[in-house]
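Naming follows writing order (A, B and C), and every chain is counted from residue 1.
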Amino acid sequence: MTGSSRESVLLHPLGTAAAPVPEMLCIFGTGDLGRSLGQRLLQSGYRVVYGSRRPHSCGPLPLGAQVMSHVAAAQSARLIFMCVHREHYAFLETMTPHLKGKVLVDISNNLKKDMYPEANAAYLQRLVPDATVVKGLNTLSAWALQNGLLAGKQVFLCGNSAEAKQAVAEMSTKLGLTVLDKGSLSAARELEDFPLQLFPEWRLPLRVAVGLTAFFFFYLLIRDIIYAYVEQGKDISFRITMALGNKVFPIVSLIMLSLCYLPGVIAAFLQLYRGTKYRRFPDWLDRWMLCRKQMGLIALGFAFLHAIYTFVIPTRYAVRHKLISLVVDEVRPNNKTTPFYFDNTEAWAQDSFYMLGILGFFLYVLLGLTSLPSVGGSLSWREFNFIQSKLGHLTLCICTSHGYIYGWNKFLRPSTYKWYTPPGYMLCLIVPSVVLVLKALVLLPCVDRTLTRIRQGWERTQPDEEMVKATNL
Amino acid sequence: MTGSSRESVLLHPLGTAAAPVPEMLCIFGTGDLGRSLGQRLLQSGYRVVYGSRRPHSCGPLPLGAQVMSHVAAAQSARLIFMCVHREHYAFLETMTPHLKGKVLVDISNNLKKDMYPEANAAYLQRLVPDATVVKGLNTLSAWALQNGLLAGKQVFLCGNSAEAKQAVAEMSTKLGLTVLDKGSLSAARELEDFPLQLFPEWRLPLRVAVGLTAFFFFYLLIRDIIYAYVEQGKDISFRITMALGNKVFPIVSLIMLSLCYLPGVIAAFLQLYRGTKYRRFPDWLDRWMLCRKQMGLIALGFAFLHAIYTFVIPTRYAVRHKLISLVVDEVRPNNKTTPFYFDNTEAWAQDSFYMLGILGFFLYVLLGLTSLPSVGGSLSWREFNFIQSKLGHLTLCICTSHGYIYGWNKFLRPSTYKWYTPPGYMLCLIVPSVVLVLKALVLLPCVDRTLTRIRQGWERTQPDEEMVKATNL
Amino acid sequence: MTGSSRESVLLHPLGTAAAPVPEMLCIFGTGDLGRSLGQRLLQSGYRVVYGSRRPHSCGPLPLGAQVMSHVAAAQSARLIFMCVHREHYAFLETMTPHLKGKVLVDISNNLKKDMYPEANAAYLQRLVPDATVVKGLNTLSAWALQNGLLAGKQVFLCGNSAEAKQAVAEMSTKLGLTVLDKGSLSAARELEDFPLQLFPEWRLPLRVAVGLTAFFFFYLLIRDIIYAYVEQGKDISFRITMALGNKVFPIVSLIMLSLCYLPGVIAAFLQLYRGTKYRRFPDWLDRWMLCRKQMGLIALGFAFLHAIYTFVIPTRYAVRHKLISLVVDEVRPNNKTTPFYFDNTEAWAQDSFYMLGILGFFLYVLLGLTSLPSVGGSLSWREFNFIQSKLGHLTLCICTSHGYIYGWNKFLRPSTYKWYTPPGYMLCLIVPSVVLVLKALVLLPCVDRTLTRIRQGWERTQPDEEMVKATNL
């Protein structure tokens, strides 16, 4: 008898009846987040039931989801997602018997840090001591859930029950998420602070950028504007807004760009020195390497500002005024000391200077475009590497030449060194030059060969352990 | 016996035999769309069979799909996708007996509106009255199917059989789509007109932009060019192409940008006035809020044009001519009425004006970049909000200051008001100034506190209903 | 009894126990690629076991994966992924008995072409003759696997066992990949060379761009700089860097843009001539059509360079020098041959020229933006088509007018034709003009109607076969 009923199932015309009934998940709360989460769970093959105070008037829910009272919904599933504000957790107290043995997934966030004395998840656990609370998934937004932007996203979990965490982790993995276990429920506060962070990976690069900008701004303020006022009695303070900016921006941009490529060569030399790729880099180098993309994008931002500042130069009042003064002086009969002739070298130097700048900016923008997630994702690893490494170093090289040509005839002129200080562009050429020299050393055939072998897993010093570690790509 | 056969299944070496046989779906038509759909269905775990007139010569099909005659294919599945042009539906008439009880999913589109007296799906239902026709999925393109760009996309369904719609909806959900039921088959025409719409969400913003552009173009045409012709007898009609454009574009850009942020503050005041977030906004406000992104992007487009127009100014013939005339006048001995001196205030004002413009444009571009789907998708909700709200208002603030500085010394000059009309830039400062003042009011601590509570679910007037609605995030 | 045990399964609180145990897959190697692949397989519903020499110290592995010795891991799965460098395949020789009948999926790549005499997969098959080697998936990077960027990606497979390939293909399809069978294992070398290609689809467009750039560079070098030196004895070699570039870039950009749209009209005329859309285009036309996007993007790159070159013009030394000379000449009392007056026509022509250039560049950038994967993916097919076809031809039209206006008063001037050669901009107008004329012909109502019918499947000559082929979209 059992056999025949089985066969009939397999021959069912729709073919789906043979599939096992998918797991039922419960969501408390029918707000934006609850609806998006439900939609996404349905798309991943789960069944979804909403728990609502007023099951009959809770607005549009995803097609295929059921809606019941909180108690009924809780009874039909083992996993319950809390998509309710912390302020409204209190209603759970009245239904504690129905939540016994359930896994409550607390995905709530707060508006600010330290709004409450204890973490939301800890408060929830205190309210419903017989349920198992798992904190997690709280970095997902309703928007990302709705638009299916989950693939490859990392989410964090914490909780006191390994079994409950495992169930949530399996569910999350099916949604396409990558799960990281952060330990017991005491980590809940840390997890709740996570989504409140603003651009954590941008912090270090932004600090470097602000520091460099401030330093060069004051350095040039003293050298250019205060010097002119003190030594020549001229008030050229209007230059602060434009002329000074157009000096600071390219300087910071070039330094930031070279700081993108410096950790790479440091890492190469470290690997050469150690003779292995299997020892971890020091922490500072790791952190530095992780924010190279952000450094490069900030450098591109400064380069963009530099470009626009340059385009606007000829329309500026001060520049036009200077041009007119020049002509007026030129045509005055009594001012014929310097004959007005065309300096071919000057034309060559300046045009090359512009050409290198434009080419560098073009490559800069290209690098920026390939760092867009959707463009970078469409490249193969080798192509991405070619662009970010080969083209990146070429950009650095061109932009550094742009800087050198700018000062080509000023390096040896004593009047350049006002108050015995070098001009800004000289200072900014130091780091890029060092990076380029080090990179050139790394590219020497003999060094390159050793490095390639090390990166393929070869080790210089521990021949006995070599085989073991080297088997992994 | 049944028990042992069950065990043997679980021990099967491949491990897949234990899984139930997945549902078979049928596709009529082996063209581009049919192939892409089949590929995608296979990827979602279905089995696929193609129905073709010539099963042995129908080109490359996705790996794993079968191909049969139309009749044989129809018999092996319950759901049949029609990937055939409407003009060729006629062949179905000959096989009606084989389609009895099947669900025909009509995903066809037409090239133009009103090409045929009845909807494709209605025509199909008339041809095969014993089958159940479901219209839907017709907004999906072969390209999107091939490239797996379905996650989170919304598709519409309509049909007379709820059961058939349910089956199609389940299948669509498994493809990662979000399904919206549009009712009975009589809605088919509406669904078929959907993919023929061009940028529906851009219509309102584009109309506003065109209206504003036209108004300011004619306003400035009269004030600048016709005024000069009538009052001074000068023909400066050449200014229409460049000088006028460079006045209209920034004006429209700034107004459009402020129109992005106006509905937000209106909504805040409405919530404050109503004391709840649970009452729907009026329709016009809803529509306005939904097209803020498009408004902002159009504003960015106009700002981009403004920037390029500005960069090109100094190379223009008219500008160079004016410069030369100025110098020629200057050096003429008999024209020494106004001495040629350097005006420090003018330099400060103009350089600040440029600096604010450049900074504003930079932030504008940043806002535009984060509205790229792949960039926005990589931000957390808080980060996205920070950029679009904080940085957005900062941009508006900077661009408005850019406008104010432009006219700093012209506001009180009577010659500014030709024919008693204010210049364009004064008009364009009204809306942004209003938005900024209102936003400043909203940011006052006392107002902000109330608003935050309202947005967390607190309600002022209906204490009895508060709890019910407030439980949802 | 069996019946009751079945029921209890369905009522199991977790609901997952009813699901069949998913297939176990084995991965050899716990490096970056191995970990990312395992994570992705887990996300697709598989179970994963890692084989490692030191199962107890192999670093962090994806949550849910097991790790065992190589032998134990190999025994628990049928499919084994080799995520180990080819240099370390040797350890497999010691465990050949345990690999008998297993499918080894070789996903390895080499650093360079022709590093080894035989393909990695062939070497692997030689080492473990009793296993079935399938080569494939080697175009996937750890990065793409980690970030879930697999949807719609094409992967290649080859191997001698159809059954083994089928198993790998099914697994790949579940990961969202599109599989292409490349035949027997002898194709392994070809597959291994695949990821070593750099931008294969960019090659043809880049070659065309380099060819055109070189031709026009030397053409203009001779016509402008060498001509001036030979005929007038002037050294204007400094113009090579900027002035020449700003002539070559727009010329190449316009030609490349028109080459984007030329294959489309050729294809239309071919379809009209043949009277059917079902005959394949010649190979050269197919290849040309496949690289239109790349051609357009290169054209945009050149247009971008042209724009920046133009913006920088007025700050150039040579340009400022010329301006000053002009003024100095003007104000000299003895040089009053040409009176200095304002030429209204010149102002109109130049301003229109700039306006068209700016508008064209704006549309160019818009076209480029919609070709970003994430932007293009959010458009419907009709919208994408509207932008790329309608807006594309409009851009071509505007840019061509920009070129015509540039030379408006020079076409009939004999001095334009130095050494009897036409200037560069005249040459570059030929292809775009041809494309626009052909496109205009295609848009004639009578031609358009026929073409639309052909594209809907209608055929002129073979009425008997028409029906058969026409049934497919």
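Here, a residue touches a chain if its C-beta (ideal position, glycine included) is under 8 Å from a C-beta of that chain, and two chains touch if they have at least 3 such contacts.
Everything numeric here is computed off the predicted structure, so don't read it as measured data.
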Fit subunit A onto subunit C over the CA trace and report the rotation angle, somewhere between 0 and 180 degrees, nearest 5. 120
Is the contact between subunit B and subunit C built from the same residue numbers on each copy (over half shared) or from different ones (under half shared)? different
What whole-number Å value describes the gap between the mean CA coordinates of subunit B and subunit C? 25
Which residues of subunit C are in contact with two or more other chains? 2, 20, 151, 311, 314, 323, 327, 331, 372-374, 377
Subunit C - residues contacting subunit A, complex: 2-3, 6, 10, 13-16, 18-20, 28-34, 39, 42-43, 45, 53-54, 58, 62-64, 83-85, 87-88, 91, 108, 111, 139, 141-144, 146-149, 151, 195-199, 235, 237-239, 241-243, 245, 301, 304-305, 308-309, 311-312, 314-318, 320-321, 323-325, 327-328, 331-332, 372-374, 377
Listed in rising order, subunit B residues that touch subunit A in their complex are 1-2, 20-24, 78, 150-153, 166-167, 169-170, 173-174, 176-181, 307, 310-311, 313-314, 323, 326-327, 330-331, 340, 342-344, 346-348, 350-352, 354-355, 358, 361-362, 365-366, 372-375, 377-378, 380-384, 386, 452, 456-457, 467-468, 470-473
